[in-house]
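For reference, the structure is listed below as structure tokens.
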Amino acid sequence: MQKIEAVIRVEKLDEVSEALEKFGLPGMMVTHIEGHGNQKGVVEQFRGREFKVNFIPKIRIEIIVKDQDVEKIVAEIIKIARTGEIGDGKIFITDIKDVIRIRTGEKGDKAI
Amino acid sequence: MQKIEAVIRVEKLDEVSEALEKFGLPGMMVTHIEGHGNQKGVVEQFRGREFKVNFIPKIRIEIIVKDQDVEKIVAEIIKIARTGEIGDGKIFITDIKDVIRIRTGEKGDKAI
Amino acid sequence: MQKIEAVIRVEKLDEVSEALEKFGLPGMMVTHIEGHGNQKGVVEQFRGREFKVNFIPKIRIEIIVKDQDVEKIVAEIIKIARTGEIGDGKIFITDIKDVIRIRTGEKGDKAI
Amino acid sequence: MLKKVLLISSILLSVSGLAMAADPSGAETLAQNSMAPIDYVWVLVCGFLVFFMQAGFAMVEAGFCRAKNATNLMAKNALDFIVASLVFMAFGFAFMMGNDLGGFIGTSGWFLHGENYDVGRYLTFFWQLVFAGTAATIVSGAVAERLKFGAYFVYSFIVIAFIYPIFGHWVWGGGWLSQLPFGAGHVDFAGSGVVHTVGGFVALAGAIVLGPRFGKFGKDGKPKAIPGHSITLAALGTFILWFGWFGFNPGSTFSAHQLRIAVVAVNTNMAAAAGGAMAILIVYLKTKKWDVGMMLNGILAGLVAVTAPCAWIEAWAAVVIGLVAGALVVMSVYFWEGRGIDDPVGAVSVHGINGVWGLISVGLFADGTYGLCTTSEPLVRGLFYGGGFDQLIAQVIGAAVAVTWSFVLGFITFKLMDKIIGIRVTPQEEIKGLDIQEHGTPAYPNFYSNNN
Amino acid sequence: MLKKVLLISSILLSVSGLAMAADPSGAETLAQNSMAPIDYVWVLVCGFLVFFMQAGFAMVEAGFCRAKNATNLMAKNALDFIVASLVFMAFGFAFMMGNDLGGFIGTSGWFLHGENYDVGRYLTFFWQLVFAGTAATIVSGAVAERLKFGAYFVYSFIVIAFIYPIFGHWVWGGGWLSQLPFGAGHVDFAGSGVVHTVGGFVALAGAIVLGPRFGKFGKDGKPKAIPGHSITLAALGTFILWFGWFGFNPGSTFSAHQLRIAVVAVNTNMAAAAGGAMAILIVYLKTKKWDVGMMLNGILAGLVAVTAPCAWIEAWAAVVIGLVAGALVVMSVYFWEGRGIDDPVGAVSVHGINGVWGLISVGLFADGTYGLCTTSEPLVRGLFYGGGFDQLIAQVIGAAVAVTWSFVLGFITFKLMDKIIGIRVTPQEEIKGLDIQEHGTPAYPNFYSNNN
Amino acid sequence: MLKKVLLISSILLSVSGLAMAADPSGAETLAQNSMAPIDYVWVLVCGFLVFFMQAGFAMVEAGFCRAKNATNLMAKNALDFIVASLVFMAFGFAFMMGNDLGGFIGTSGWFLHGENYDVGRYLTFFWQLVFAGTAATIVSGAVAERLKFGAYFVYSFIVIAFIYPIFGHWVWGGGWLSQLPFGAGHVDFAGSGVVHTVGGFVALAGAIVLGPRFGKFGKDGKPKAIPGHSITLAALGTFILWFGWFGFNPGSTFSAHQLRIAVVAVNTNMAAAAGGAMAILIVYLKTKKWDVGMMLNGILAGLVAVTAPCAWIEAWAAVVIGLVAGALVVMSVYFWEGRGIDDPVGAVSVHGINGVWGLISVGLFADGTYGLCTTSEPLVRGLFYGGGFDQLIAQVIGAAVAVTWSFVLGFITFKLMDKIIGIRVTPQEEIKGLDIQEHGTPAYPNFYSNNN
């Protein structure tokens, strides 16, 4: 089992989650993060004074999937989340040791 | 060292954290996430127009513990967070390579 | 590749991120969490009634770096985030299996 | 003792020309009384300010409750004025200000029709309506975060159609309380009793029947704090209420020719200030924190208390009355909480308890310089100004009646509703918040909230 | 038929003493009319309340739109009153209330200069200005979340300089509509037509030319909900508007000597209540949820509808007019959405459609007890009170003209602007929100928002 | 030159009947002056509006500061009016409006007692109180986010008991400034100087003694932006202030018989609009963004500036004065920031600088059509209307005295407090926010905020 952790643009969340839905995606956790990468921040201003905001709002989605599903899900995310402009985000893959479903106590692949 | 990452119902946070407190729980990180799983979303409406909200607010707690403590903590979380209804959440276990306490520089199990 | 996950004080974020910037830090994810550890909570009150708040707002930064960079980045974070008082936070290190840059499809170290 | 009735009637007459046939255009009224325009302007503008208090109540209640119930509180605060408008026009006004039947109830003026199509009558209706709306809205704070919306409809109806106007008739419509054979009869200048005590004790009944919110009391029965979601809104609401009270109290002369309005305005303000000062200081002594929520409650407590006496006292007395109100509201909040009664915004303590205090304070501080909306006899004089115990007795009787009437009828209303339609949302709905369950609309969908 | 003109002139005369040379200090005006002060106070205080409606519009619009555009909506709502003040002083007022040229346009009073430096003239200007500002601000809701800020400047200018004052002249400045040979001519007591229909149909033109917001309609063309970011603010705004409307309608007598103001105030309130009640009930029947957003729209719809008839009807008629308004606003919101037109706050349904309904309702419910800001003939009488179809015809003509004039000119304005300067922000900017793109300032930088 | 004193006295007399023995019921006053009711209504209603400005200040200040200090700002804004009410009643009013002692200070009327129990006297007190409260509240913006709450108590006391009323006495209480032998003496119609300059320069003193907020200036000394937490609240507050200013300025005739109130209302509005327009345009030229925060400051700057001249100028002059104010406020904000002085909401620039500009503008634009709250001589006439430099000199002297008096006394007050009780919270508390540290109550506990 592995965790796919994808940082994407805020406006791509709906599209990505709809697309994954079609795969029979098991589940998903969404967090709103502030990211910092190659993409430069925005200049904001307040009462006439400009300032640089270095952190850009991003969406992080985390999906725990069976080993065999990783590749196609990653491919799907890339297909939809890519615009080609700096700031499209990244995907990180990690090993998951175990998964337990609280409701039933099921473990491992069955719990996903 | 392992990380226990539990997605639970919002209203269970206080009970779970109180229960873990009794174990002499070392520490904990709480984030508010939006989850998507078997549990279906809610129908909301605005100025007469209904719409479906697919993401449900959930709490994620993350606890880094010594290997020997994983099992009992997982059991405790399950005991309290379970209602038996769809949407109770899941627990994910990951290996942690190292832990450092910033204040003292201690490493490994001692830093937990 | 490894993930450095550091829980720090809220007011240290700007300083830490400026310092890491100088290292040519590849990127970073910032989340606002509520933490629970050795540091005791605050007593708040509302309309004359006091109550204890057990969770303290903390910042979590997550940085995925090449194996060889872990040590110096951890050292830098500690240098800046340490005040010596309880509540300075902790750093957790995890292995990352793979990284993919969405914009280009690059993988592994190149994607960081 | 018909004096109060006669006096009020003569005031109404001089303003509205009710002696004549109905005058829908106002031409005859003006012909009879060329000074009527200034009185109309005064009453209307003050009435507008009283209406605006609805916004104040909405903001205070929302601010003192959680984000997940904010939509619901907006709904309730708008709805109660809607129901008040429609029901008071249909029945309430007739019961309150119609021709008196045995000192108990008014019996004319249904639907504001016929003879009531008259500028003076409409003016009186407008004024009484905004007051009725205030009484109704007081309750919503005490039953917040757990009452079903449907029950709110029913309860608003009953308060506006019966509980409020009948008691109102007794004091302001020429009913028996105004004719008590003590002092000037039971007097209540702008409604510490009629509006606030009544609203506050119906609120108490509601809070008792409903029971406390999930999580308000620990397993050990100890009260826990459930912080509201916006101190800013609560403060804004308090400022709006304070502002609106300048219509509520001074406007209650129902005539700008009573220059006493200047004294009323000053007294209203001084009691508010004193109430806020006392409340924040008491809590500071206890917790070493400057408690803003309680200060806001203290300001409102001062306003409620001074509402009955404001026309009959001097400024220093208003300060004293406000200081006592500020202390009372703090003690009262702790008192009810200590008895397992959950009043999320302090409505019972602010309006109920201090409404009673306001009524009684007339019997103590009234200084005999002013009468019943007139500068002539009978003047109102309390214990400290050589009036003896007479006025005080009238005030205590009135207060006791107000408490009993409103609490008992409120209790019956809520109990019956509970039996018949059920008044409380399910625990699950309560945890999720009424906004989504009852209205489908979270108040702040763009923001992350912890849904506590 | 010059009667309306003469009547209005004579009112203005009696109030302001325009017959004399300009009187900047007011000494002569007072000498001529010792009762003028009460009229001045009435008009000014009501005017202040109407001004305060700007805050109400700002809150309603912001509450019904997303957090990422809240700064922009604040900017627009402040800016339109700024532009209104400057432009109406320069041209608008002269076009509207200046000496009539052929029943079509006013031609004197530029820059409030010369003869216009007169207390009565300033009073009239103040009153007309706060109304003009209202008309301008109505549009901002319908074009919210996607109109370029620069375009807002231009559009505000054109509405205030031409579209509004010229139509206003036809009805209130002695122009041709007021002299229609039916009934009392086309009449519009406080501006259901002049202010709301005009504002609402310029808004419709703007919404059509701009097109819907990104995400408002699915790929299948089905409308989707885009929830606003604060029901609390929307409700606060509605309360403020309701409050301000007590200036808008009663103040439109332009004289406190019209005691009919009491009737106007009651009618205004009853229609608001009825509109809110109807709207929430209809949506409840459909979705089983108590829809607060629609209730707020319903309240405003009732207020808009009663604005034209409020001086000529009885309270029960106000209730009926309000109930119809509440139903109309719900149907209208669904109607426009069903046609692919995106009006984020419901401005077209509230102001445009109900403005028309308000005009027409005069021809039905006017009961012949009151005239054109006077208690003397000609009285206004509609179909249901034996007035025959005459008044109704005058109303329908006026309404048709209002709709046509404002929609056509609004459409041309927005189309031309779109050609010349481009009126819509880029999709990228729209997604990020106008606050950061146009103003550099997110409205709530301390809070996490989902930027939807 | 006693003329101003005599004039004011005669106005007060005619309104309040102070010549007689105290008249607590108002009966004698009414008997002497049957037109008094309209003046009472005017003054009271305008006074209510001025009171409501407290809500406006609270919202603007909270909106322009961070969420973590919002509770504290609510506390301060409520508290300063509480302290103002109590202290002004006790001493302040006596110092300001009591019997003059040598042109320097008033000496009668303590605790509003004895002879002061009089409807006219209470009316005057109410009016002066709401002004005093405004002066006190101005300071809270400049010292926001770092001043200890205890220090706020003390400072409010001193401003209300001494700094404000003594200077007020010099200008409005018959003191020496009003009797300067130039023009009509130093004149200040509604308080650009008495209220705003004084408030603004005490604020400057506070900001200097306190030092800047943590993080306001970089290590290089360059100013950084610290965005406020709600543009919506800031805009709402500005609308409320604009609304309240219609009480502040027109009400300052203290009589509705001055029909000049219509001119005052228009001028007030025009300056606000012009100030906002200029401020947003200037910043746009600099940054290509439509800066809403600065526009709101510009509106307030226009209002402050026109407060002194509003009764003596024509509408076009109000526009010019407003435009200058809009430019001044922008430059002033940059100026103080450039000198290391941190004024979180721009109080010094809005009130201090534009208060001075307002005073001076009288000496330029006063057109000789109106006098000192009367239509008779002496009329106020400035440089541009053939008045020569006389009035201008009186204005410059008054402005210089206002600045010096308030800055020096403010500085001493804050310095002494700092020595004795310490006025600044610890850096740690400042970072966490005053809400939790001083009040125990975060303003928005249900929402996630970044605590910046």
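Order of writing sets the chain letters: A, B, C, D, E and F. Residues in each chain are counted from 1.
Simple rule for what comes next: a residue touches a chain if its C-beta (ideal position, glycine included) is under 8 Å from a C-beta of that chain, and two chains touch if they have at least 3 such contacts.
Fair warning: this is a prediction, and the values are worked out from it, not measured in the lab.
Of all chains in the assembly, those touching subunit C and also subunit D are B, F.
Here the chain-to-chain distance from subunit B to subunit E, counted in touching steps, is 1.
Looking at A-E alongside D-E, one finds more C-beta pairs in contact between the chains of D-E. Annotation: the subunit B:subunit C pair of sequence copies touches via predominantly different residues, less than half of the used numbers being shared. Over half of the residue-numbered contact pairs of C-F are shared by just one pair in C-D, A-E or B-E, which is A-E.
One simple way to say how far apart two chains are is to compare their mean CA positions; for subunit D and subunit F this gives 33 Å.
Subunit B and subunit F have CA centres that are 53 Å apart. One finds 18 Å separating the Cα centroids of subunit A and subunit B. Shown for subunit C are the residues that touch two or more other chains, namely 31-32, 44-46, 50, 94-95.
Residue positions of subunit D with contacts to 2 or more other chains are 38, 41, 45, 227-228, 230, 287, 289, 291, 293, 439-442, 444-445, 447-448, 450-451. Chain contact topology: the protein chains form a pattern that is neither a line, a ring, a star nor a complete graph. Shown are all chain pairs that touch, namely A-B, A-C, A-E, A-F, B-C, B-D, B-E, C-D, C-F, D-E, D-F, E-F.
Touching subunit D in their complex are the following residues of subunit C: 44-51. Across the complex, subunit D is touched by residues 10-11, 32, 42-46, 50, 57 of subunit B. On the side of subunit A, the complex with subunit B involves touching residues 3, 17, 25-31, 64, 94-103, 105, 111.
Contact residues of subunit C toward subunit B in the complex are 2, 6-8, 31, 33-38, 54-55, 58, 60, 74, 77-78, 81-95. Looking at the complex, you find that subunit E touches subunit B at residues 64, 223-228, 283, 286-287, 289, 291, 293-294, 297, 330, 333-334, 337, 346.
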